[in-house]
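Each of the next two complexes has subunit A plus one more chain, namely subunit B in the first and subunit C in the second.
Take a look at the complex of A and B:
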């Protein structure tokens, strides 16, 4: 086990407190089941991914920098953010602070006005929940702990866009064997395969979910999601595994909307990868928050004797 | 004449809906069509920006050259990189082994990638003045703002 990841700072972000609560719950439960400790950042704030970014990019960067400063203040060198938006924004802040003196200056000014120490770039590493489990436990470690194999379950792993794009804010990716790929990410595939699942080849794994315009142009968002869902079905998947609360909610809601508005029904289920891993580790469906999903996967889980 | 995006999407949908035998029976033609769908979508994007679509090739494919050209001046277009490469990959798979038992599925999946690309570009064109359509492009925009000398021209 990678020691530095056994106990990490945890930044859930706003989505995991509301629509993505099942992701929050299942992430914590999986960590507990694997003997990993998550310590939530004290008094964390919005990462700046939503409205703020359209109004003032400096404030957006400051908000993420403040979260990193809290992690440093709490004595952590690693902060784990399971939400793609938060993960992306913390990485972006790290990049901007390292590369741009004007950003450092504005973050310093805002930090002083807010009365806390300015975050020093490079002092805290931001990782995603996938990095965390892959490094802290790994496929072999996971395989040893599986109590309820996902054997027979066909999964399309959907990473969305913000986990890998743009490449320059993820300097640790694309470093060859063992590292994550921005062109064809595979960490979720690796972990779920270790839990016994069959991960299907899914050419839309990083394609747009239409999340940015789900309210302003719902029909385009629904069509994009419908294509993701139908694509997963053509690939033979029973389930789409997700690792982002925004993508997850979008897939669930537009699955319903696609049927209502376009009369197109899809049967593929939508579950967080942490829910699938949790059930493979022997946790109940309730414990990993399956009842909190909008998408009803109870028939599939029952048929597969999962959860 | 460059086909409208809706027409390209309709053609991709016809492939998605076609029976396996029809797809497998004309595999080589459909493999070529996958690339043409992608090229037509990117040509549409470039034409909307008032640019002349390139006739050049990258790694032997005009589609990849068009993507490289399309990504200039608009960082969020980079998000289409994987879709374009998936189209090339699926086209290659079909062309290299047209008699493979999965040929129909490969063509269908390639057409779905083309449909996604068309929807994404349609969304970008509709929303160009309303806000950013691509969630992951903000960092690129910021980088281009901070380091304008690094922005490729052309």
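Take a look at the complex of A and C:
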């Protein structure tokens, strides 16, 4: 298990090339610092996201399956997707292709018309950046490599929706000790605790940030995010750790919007878990792209002598 | 969390009498409020079949009305009128008139999948919400909602180039919905971002704005996807008894 994660295919997805670039950068830097190799998929395409699913679910499955087919063609058995949306869609494609003959037929037909090999279901396993670090390095391995402990930093770990729901597309979760839980995920808590942080009890860890309607129904999203931010503060957190570019950017946008539109200010900082891990591994704040976040957490990092 | 249910007792269904004496007994006061009897005759017998013909609605028939979806629902917690269980009930019975009362909020589903996670019958309520919102628009019963416009702007970029560019999605969506790019929250966000001078990322974003990110050799995939979507659209319109073409064609 551990060895096959030393070198995996890497699917960054569209968001990580732009607004979520800090996540891309910090993921790669953490991998480098830990001696893990990421090989980016050649000529990948959008996973389909939620938007294409709403237009046509089978096209979404085709888009995700094309990426899985590329991973297989490059000789990989594992593809790592740090974005919750991409991760979710690749998992969903895997499930639908095995469970639904009509989807299988549509994807085969689309692949044939597009002139490339169709994806053979079950040939590539999709994992999240959390699965990757947890299995390839683990808490023990991480503890040994910590150079700048996060001791004293109180973190609310926020996983969002797409990492655990709906559960049927994640057959490896909820398998008892050691596996991830869909009701109360803990991989991010485990990793950041190993880096020395205090992970606060955060009941909203899988609540929704309204990312689907960040722009199309902004007031609803702002209300949902405000609840997450205020909830984290009530739980005593200094920072919300994220593992999805859509959630992360949504929290940043609506933290500002909540202040501007609803007059409700929150002070909790928002950082990718890979940025926190990277700084704990001794990387500078700039190396893990803290300056590329839309929100400013420099004062907290300075006060804590991080990065 | 308690299940908030929509009340069928609406102000227009209440009958009150100032003074009321029944068989010699004075029942004035609160006792004099009655509910108008309700007789429904205008069922739309095709409603369930039509929504089940749209993507996401396939498993509508499995619902046994336990209410787990509404109980788990993110949007219901902030708007009690957003009630997936009730809408599935109305669709199954064909009570179109009643469903239309909520036609302007059904699109607000945030696709958090809490309902799908909780559903003991694998109805996929999130899909039913999307299918119902789609049905309302295809039938012309509501105007096109912002989420549909957003999905179209986004998907169009994917179909055209294989990838999306965040900035372009934002600009096109704002243009399509007639909103200014200079919203004070967006300006504040960009100002705070630029102040920290992330030059590399700013160049990257600017570059992507000019040279759109794209998947190489995408033309054939693009054509295959467009054909597939056009075929599906035609099938959907047939299933809904609509003439070919329409606003989306």
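Everything that follows uses one rule, which is that the second predicted complex is superposed on the first by the 305 of 307 C-alpha atoms of A that agree within 3 Å, B and C clash if a C-alpha of one lies under 4 Å from a C-alpha of the other, contacts with A are read in each partner's own complex, and residues count from 1 in each chain.
Keep this in mind: contacts are C-beta pairs under 8 Å (C-beta built on N, C-alpha and C of every residue); 3 or more make two chains touch, one makes a residue touch a chain.
Given the structure is predicted, the values throughout are model-derived calculations rather than measurements.
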On subunit A, do subunit B and subunit C fit together or clash when superposed? clash
Quick check on the superposed pair: does A:113 touch subunit B, subunit C, both, or neither? Answer first, second, both or neither. second
So, A:57: does it touch subunit B (first), subunit C (second), both, or neither? both
For the three-chain arrangement built by superposition, which of subunit B and subunit C touches the greater number of subunit A residues? C
For A:230 in the superposed arrangement: first (subunit B), second (subunit C), both or neither? first
Contact-wise, after the overlay, does A:212 reach subunit B, subunit C, both or neither (first, second, both, neither)? both
Counting only touches as set out at the top, which of subunit B and subunit C does A:172 meet: first, second, both, neither? neither
Is A:92 contacted by the first partner subunit B, the second partner subunit C, both or neither? first
Per the contact definition in the header, classify A:257: touching subunit B only (first), subunit C only (second), both, or neither. second
Considering only the touch criterion stated at the top, classify A:77 as touching first (subunit B), second (subunit C), both, or neither. neither
Would you sort A:204 into first (subunit B), second (subunit C), both or neither based on which partner it touches? first
Check each of 23-31, 77-85 or 203-211 in subunit C against subunit B and return the one that clashes. 77-85
Give me the intersection of subunit A's contacts with subunit B and its contacts with subunit C, in residue numbers. 54, 57, 161-162, 165-166, 207-208, 210-213, 216-217, 220, 223-224
Within the complex, subunit A is touched by subunit B residues 16, 75, 78-79, 81-83, 85-86, 89-90, 105, 108-110, 112-113, 115-116, 119-120, 122-123, 126-127, 130-140, 142-143, 146-147
Given the complex with subunit B, which residues does subunit A contribute to the contact? 53-54, 57, 85, 88, 92, 95-96, 99-100, 102-103, 161-162, 165-166, 168-169, 183-184, 203-204, 206-208, 210-213, 216-217, 220, 223-224, 227-228, 230-231, 234-235, 246
The subunit C residues in contact with subunit A across the complex are 55-56, 74-75, 78, 108-114, 116-117, 130, 134, 145-152, 154-155, 158, 162-167, 170, 173-174, 177, 184-186, 188-189, 192-193, 196-198, 200-201, 204-205, 208, 213, 215-218, 220-221, 223-225, 227-229, 232
Within their complex, subunit A touches subunit C through residues 14-15, 17-19, 21-22, 43-46, 48-52, 54-59, 62-63, 66, 106, 109-110, 113-116, 161-162, 164-167, 182, 207-208, 210-213, 215-217, 220-221, 223-224, 252-253, 256-257, 259-261, 289, 291-292, 294-296, 298
